[in-house]
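Heads up, the next two complexes both have chain A, just with different partners, chain B and then chain C.
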Partner chain A sequence: MAAEANAKTTIVAGGTKKAGAFNRFDNPWLNWKFLAGVSILGIIFFLIFLGNTFWDTSLALNASAPLNLPPYGMEYQKGKNTILVGVPEHPLGTENSGRDMLALLIVGTPRTLGVGAIAASVGMLVGIFLGFLAGFLGGWIDDVIRLATDITITIPSLLVLIVIQSVLGSVDLITMALLISMFAWATPTRYIRAQVLSMRESGYVQMARLSGVPVRDIMFKEIMPNLLPYLAASYIGNMTGAIISAVGLEVLGFGPQRIPSLGVAIFFSIEAAALLRHMWWWWGIPTVILAIVFIALLLINLGLDEIANPRLRKAN
Partner chain B sequence: MKARSILFVLLVVMFAAISFTAVAQDVAREDTVIFDIDGPAGAVANFDQMNYMLPNNHRNKGLHQAVAEPLFILNYETGEIMPWLAESMTSNDTLDVWTLNLREGAEWADGHPFDSGDVVFSIDLLLNDETASLNYAGNVQTWIESVEAVDDLTVQFNLTQPNPRFQLDFFSVRIWGGINMLPEHVWADKDPYTFNNFDPEQGWPMGTGPYVLTSANETTWVYDRNDDWWGAKTGVFKLPEPQRALWVVTGNDQIRTTMAVANELDSIMDVTLGAFEAMQAQNDNIFAWVEGMPFVWLDPCPRQLSFQTQRAPWDNPEMRWAINHAISRDQVIEIAYEGVTIPSRTLYVEYGAMFPFIDAIEDAGMAFDSDSDLDAAAALLEKNGYSLNDDGRWVDGDGNALSLEIQVHEGFIEKRRITTNLVEQLQRFGIDARAAVIAGPTWGDNKRFGNYEATTDWDACGSINEPWASLDRYTARWWVPLGERSSGSNHVRWDGMNNEAYSELVGQLGSLPLGHPDSIDLVVEAYRYLYEDLPFIPLNQATKLIPFNSTYWDGWPTSENNWNHPATWWQSTHQFFQEITKAGM
Partner chain C sequence: MGSLSLNYIVRRLLVFFLTLWVAATLIFIIPRLAPGDPITAMVARMSQQAGFVENADLIIEGWKERFGLNDPVYVQYLRYMGNLLNFDLGLAMARFPSPVSQLVGRALPWTIGLVGIATLIFFTVGNLFGALLAWTKTPKLVKVLIPMSMIFTSIPPLLAGLLLVYIFGFLLNIFPQAYAYHHSFSKPEFTLDFIASVLHHGFLPAMAIVLVTFGYWALGMRGMMVTIEGEDYMILAQAKGLKPFYVLYRYMIRNAILPQMTALAVSIGTLVGGSVLVEVIFNYNGMGTLIFTAIREQDFNLIQGTSFILIVTSALAVLIIDLSYPLIDPRISLEGR
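On to the complex of A and B.
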């Protein structure tokens, strides 16, 4: 049956070809969504690199610049009688604690991404470990892990995180990431377990078992490589969720206050009524950057989904 | 700290809208006055804690402004102590027996007479509080030997020692509030340590004021006018014009500004200059104490950085002085206040009545510089075994970085902005400073139990027109060991030889009648010990930018119409209800 299916003729851009014939453009990694997302993130990282190289990032700290300046080339009516004019020394303007907005973006964007990356990494590692254990070993281990997963998924994580951070006060980004990761393992565990359950019955796994390959090697040397695209997609999804949680906490005022991330910048702007003060650059620019980051992550996630799932790819 | 999200912004506005819609069904907006009050947006968990006696109660959510009347109110503008629930209070020549005369006809909201029995009951409750944990219990036990009812309207206080400020300090809303009198017929069978004093159906909290609490939730406290109020019945006061008064927790400037511009607030608590400018730009009816810059009223509680003086390395006065030298007060003002205040020269508020004392301290060379002196700071650190490492950080002999955690109350933007700037200044100097933003009740407990390194507070607050009250807060009589709950005064646990000498002098100062010619010399002499040990660092004068909205109500206090100060979270707000009138009437 498989051979018959492979022999079917497939319509492709530019004409028809025999399925199964070598075509370098068949490479599933050349997925436009994936590439677009990676490119956007790449551009962001490149700009951050440029910023760190050519801009004084210490301007992101309190009392480093004149207050409340609009972006260069613009004017800002402050109160009834004062007009502030943007200056080239602060091209994206400043806020009311004397932070330069450009420096704040250069410093804040990687910090925001970093929280997501750390939380997602920890969550994924735990998820992979537990998911494989539960899916492959089954039995009471599966029951316990499944129960813990189901319980954790039902907990409203943001509320719990708010309570925890209220007690701890403002925390550094690593601590925040670790707190978020306390809830970031459950969903990957569930999905990985499901994948492993189906793979456990596949022929090559059965063969490995019969050949006496140790369980650990079967899990991590046989099954895991086949799951890599799926794990990558799951990781990106997890990272997006972690960033959303982190930004949520930061906008609530729980983030590190000295060196702001994007969420903390938005928190400061809310607290100081920037919206009503018409200081759009203060809340608007971090919001746009966050939106771009989320779009990039979404594209990567969709792309990886298609890479990992041939049916999805075919449907598109 | 503390929810301040966009979601909560929406929730609070929604809650406020719901609350207002609900009340608007029976009382029109134009008959309702709405006050903004501090608190975490949308999340005042124990909103029904109305027991004035317990810490962390919510008496400033309208309870002490509209229900619980003070005996007297200090008029900041004239210096006069105005009779309110009481008629007068006089002392004997030796200042250790004070006689209080109550008003005839004063009643609780349920019609029960307010008399000397209630006063004696309230004071005895505090005198007999063995834990001294009830609010004011420490002060009452220090100063009052006994209290007795001479007749229904006369009460005699026998003091433990002469106190020329007895009436001013405890019964006159000198700052924020004072000792509240309790209805004996309600409280007699209640446990003051657990009673929450909240049951609107039973008329609790029971007060003598012109309003009664009718409902409350996490964001809004609703008070309706008692048309049978004793003040109006007896003709002593007029019946307030607002039929209903609301206190709404808004949480941050964004919400305050939104609601004020939409005329959903008549009185707005302290805001930043930027928020005020935004309000004014969008609503012509919004104004503040002063018409132009800096708009502000000087709050009587200057801001300071306090150290827990038992905790190394900050138990060393030279280390505290190093921090003082490392701080630029000018920068705190420029950044945290956007320029709208002045630095503190001493621990005192810069009111006219305090100038003789402030000037004398300055003449004695003990006024603080407004700018930093980093060389002096470095010299002190080096003298104490610290050195700058290659990264520009101060480290001790073992290479451990010098760090300082500054705790700050999460509910106040102003104090957080001060702390953020202090942290930045210290970081730039090479000290690993960090701000710990802490929920209000925890912050308060940490302070009282001494669980902190440093904290941004206002605890030298006290003196308005005499020098003793602020100094007394750091005397040995308030000292308690670490781990025990302090009364709030001397929570920094300042002790030692200098404190003993200081306490002795402050004690002498306290026994002098107000305005005594020896008081200035005593202040300077005592201050020398405080200045040397520096258990706290005075930073800057506190200013309050308090907007009012004249869309529905007129008569708000301004520097021109200065019938009293504009702090609407104080118990003196009772006077507001006598002054505000319907707009355009």
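On to the complex of A and C.
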């Protein structure tokens, strides 16, 4: 939080007064959106760490707690006469099959984020490889890669994943991440190809070429460093997409069922008609946590956009 | 259509048909990659649920013969492709004699309607808001209010749907919680009451898609507008003393909307995936709910058919956007892409 406030003051002090004037303290990475997003994710990770240290995570398993308790201090009318009151042993309440919601969040959140990170990383690596290949070599290789990306982007990946998973049944999270990554390469490939194409024609790359720098060095020493903010933004976008796919598959019932992730928790709650029974904490808390994660990722992405594009920065 | 370059059309059509072929082939291959064959797997699942299936071997053999699973793979593949060309998607196993195509035909219009109207709204609102955000003459208040309305951006529609249905469907009870029209109508009809019911039921699902999506388009539009504001022709337009609204529309929005159209074509796949899940939340009468029940009933034929038709529909939407793109951007034909 301190870093965030710091960033704001730096930008105000450095940017607005003398627009256009060179200021060596005007570091583009001190962007408040970027830092806010990173801080939110950081806080979430810190809370997960705290939870793992101080809370009994085995409570996330079936039948390890009383059923249907609302969060601490709240009342929940179950049936006509029974009223359940939340107890401090289960501060966020419990659900239908006796999982403690707090433990579920502590266990489930990193699992959900992990699926996104794995799928996005695999997709990104393939995307960087193919994007550079297409952008740099051109010719028929470029044509084939472009065609493949166009086709992959057009197909709604969720539907193919549904078909795959309906054959495989529910799978573990690593498998799910790898399945999602089969579709997560196309957008980065297209994006990186376009960036490489425009950078290939830029002055410094031409210069390096004329000086006889080997192609590999041009790729990794000249172009790659300049691509970093774009790559980071693309990675974050990819991760958002991967988490959305994973949550979607989990809500359809394809997630691992024993140790739940956030999407699986929502699936269980829908199955058990938690909406109808007004058990808002069951689906609501995972939903809000996911929403916060998505907002953090969006902020990071917006920040990275402004870091990579000075015109956007100036418009603020 | 004179301004479309032939090369461009051919490439788009190629992508369209290749997409259909790849999707169809994937759907053919996937079940065959799994260990065992789909029929044995299905009967195994049935016996898992029921404990025991009488004459399981006979059933498996009978179905295999019936579906031609004993033929060589290439014969199966050709027959499958031939059937697809005739829109023969087989029979729904769990609701036996109904053909998949009939179930799909009943559900598809609802999905197209829902996604189509939602797209129209978020694309219009998003681009308008984005343009207003970047325009120098926009009132300060609007520039503060618009970003505040965008905080739900990038949350999956599914989660927005859950929140909306709980708040407006269950707590406040102003919108229906499920289905595409009131149950007092036994089947769709062309009356004002029915249309009102459809709008009433469709509002929340459409909002679930719109609320989380329009901000994305506003941001993209804003980025484009900011870039355009730095162009020389903008200075010329202002120097000529053109009216600000005229400049905004003719010089800025007309130019900035082009990349947005391309982006729309790219995002169709994600959009359809998202709306499938929204339908599940609202139990809407569309393809998403159909696929969800098919998953529940483990009706593999229906899952395949529904997925394939949705993929075809998405590819068709992309094709239409791609082909209409040159109509609004005459430069494309000049560049001869």
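Operating definition for what follows: the second predicted complex is superposed on the first by the 291 of 316 C-alpha atoms of A that agree within 3 Å, B and C clash if a C-alpha of one lies under 4 Å from a C-alpha of the other, contacts with A are read in each partner's own complex, and residues count from 1 in each chain.
The rule is simple: contacts are C-beta pairs under 8 Å (C-beta built on N, C-alpha and C of every residue); 3 or more make two chains touch, one makes a residue touch a chain.
Since this is a predicted model, take the numbers as computed values, not measurements.
Undergrad: Since both structures carry chain A, what do chain B and chain C do when superposed there: clash or fit?
TA: clash
Undergrad: What is the contact status of A:S166 with respect to chain B (first) and chain C (second): first, second, both, or neither?
TA: both
Undergrad: Quick one: is A:A273 in contact with chain B, with chain C, with both, or with neither? Answer first, second, both or neither.
TA: In the superposition, A:A273 contacts chain B only.
Undergrad: Kindly classify A:K80 by the partners it touches after superposition: chain B alone (first), chain C alone (second), both, or neither?
TA: Touch status of A:K80: first partner only.
Undergrad: With both structures superposed, pick whichever of chain B and chain C touches the larger number of chain A residues.
TA: Touched residues of chain A are more numerous for C.
Undergrad: Thinking of the overlay built on chain A, is A:R258 touched by chain B (first), by chain C (second), by both, or by neither?
TA: After superposition on chain A, A:R258 lies in contact with chain B alone.
Undergrad: Which partner does A:G241 reach: the first (chain B), the second (chain C), both, or neither?
TA: second
Undergrad: Per the contact definition in the header, classify A:G98: touching chain B only (first), chain C only (second), both, or neither.
TA: first
Undergrad: Mind working out whether A:D217 is in touch with chain B, chain C, both or neither, as first, second, both or neither?
TA: neither
Undergrad: Tell me the contact category for A:A63 with respect to chain B and chain C: first, second, both or neither.
TA: first
Undergrad: Superposing on chain A puts chain C and chain B in one frame; which of 2-10, 20-28, 38-46 or 110-118 is the clashing stretch?
TA: It is 38-46; the other listed stretches have no clashes.
Undergrad: Do chain B and chain C touch any of the same residues on chain A, and if so, which?
TA: Comparing the two interfaces on chain A, one with chain B and one with chain C, the shared residues are 162, 166-167, 248, 251-253, 270, 275-276, 278.
Undergrad: Which positions of chain C touch chain A when the two form their complex?
TA: 14-16, 18-19, 22-23, 26-27, 30-31, 33-34, 38, 41, 134, 151-156, 158-159, 162-163, 165-166, 169-170, 177, 219, 222-223, 226-227, 229-230, 266, 268-270, 272-274, 276-277, 280-281, 291-292, 295-296, 298, 300, 303-304, 307, 310-311, 314-315, 318
Undergrad: Can you name the residues of chain A that touch chain C in the complex?
TA: 147, 150-151, 153-160, 162-164, 166-168, 187, 190, 240-241, 244-245, 247-248, 251-253, 266, 270, 275-276, 278, 280, 283-284, 287, 290-291, 294-295, 297-298, 301-302, 305, 309, 311-312, 315
Undergrad: Help me check something: in the complex, which residues belonging to chain A touch chain B?
TA: Interface residues on chain A, with respect to chain B: 61-63, 67-68, 77-80, 96-98, 162, 166-167, 169-170, 248, 251-254, 257-258, 267, 270-279.
Undergrad: If we count contacts the way the header does, which residues on chain B are in touch with chain A in the complex?
TA: 1-6, 8-9, 252-254, 256-258, 261, 271-272, 274-275, 277-282, 331, 334-335, 338, 407, 410, 413, 416-417, 420-421, 423-425, 427, 434-439, 442
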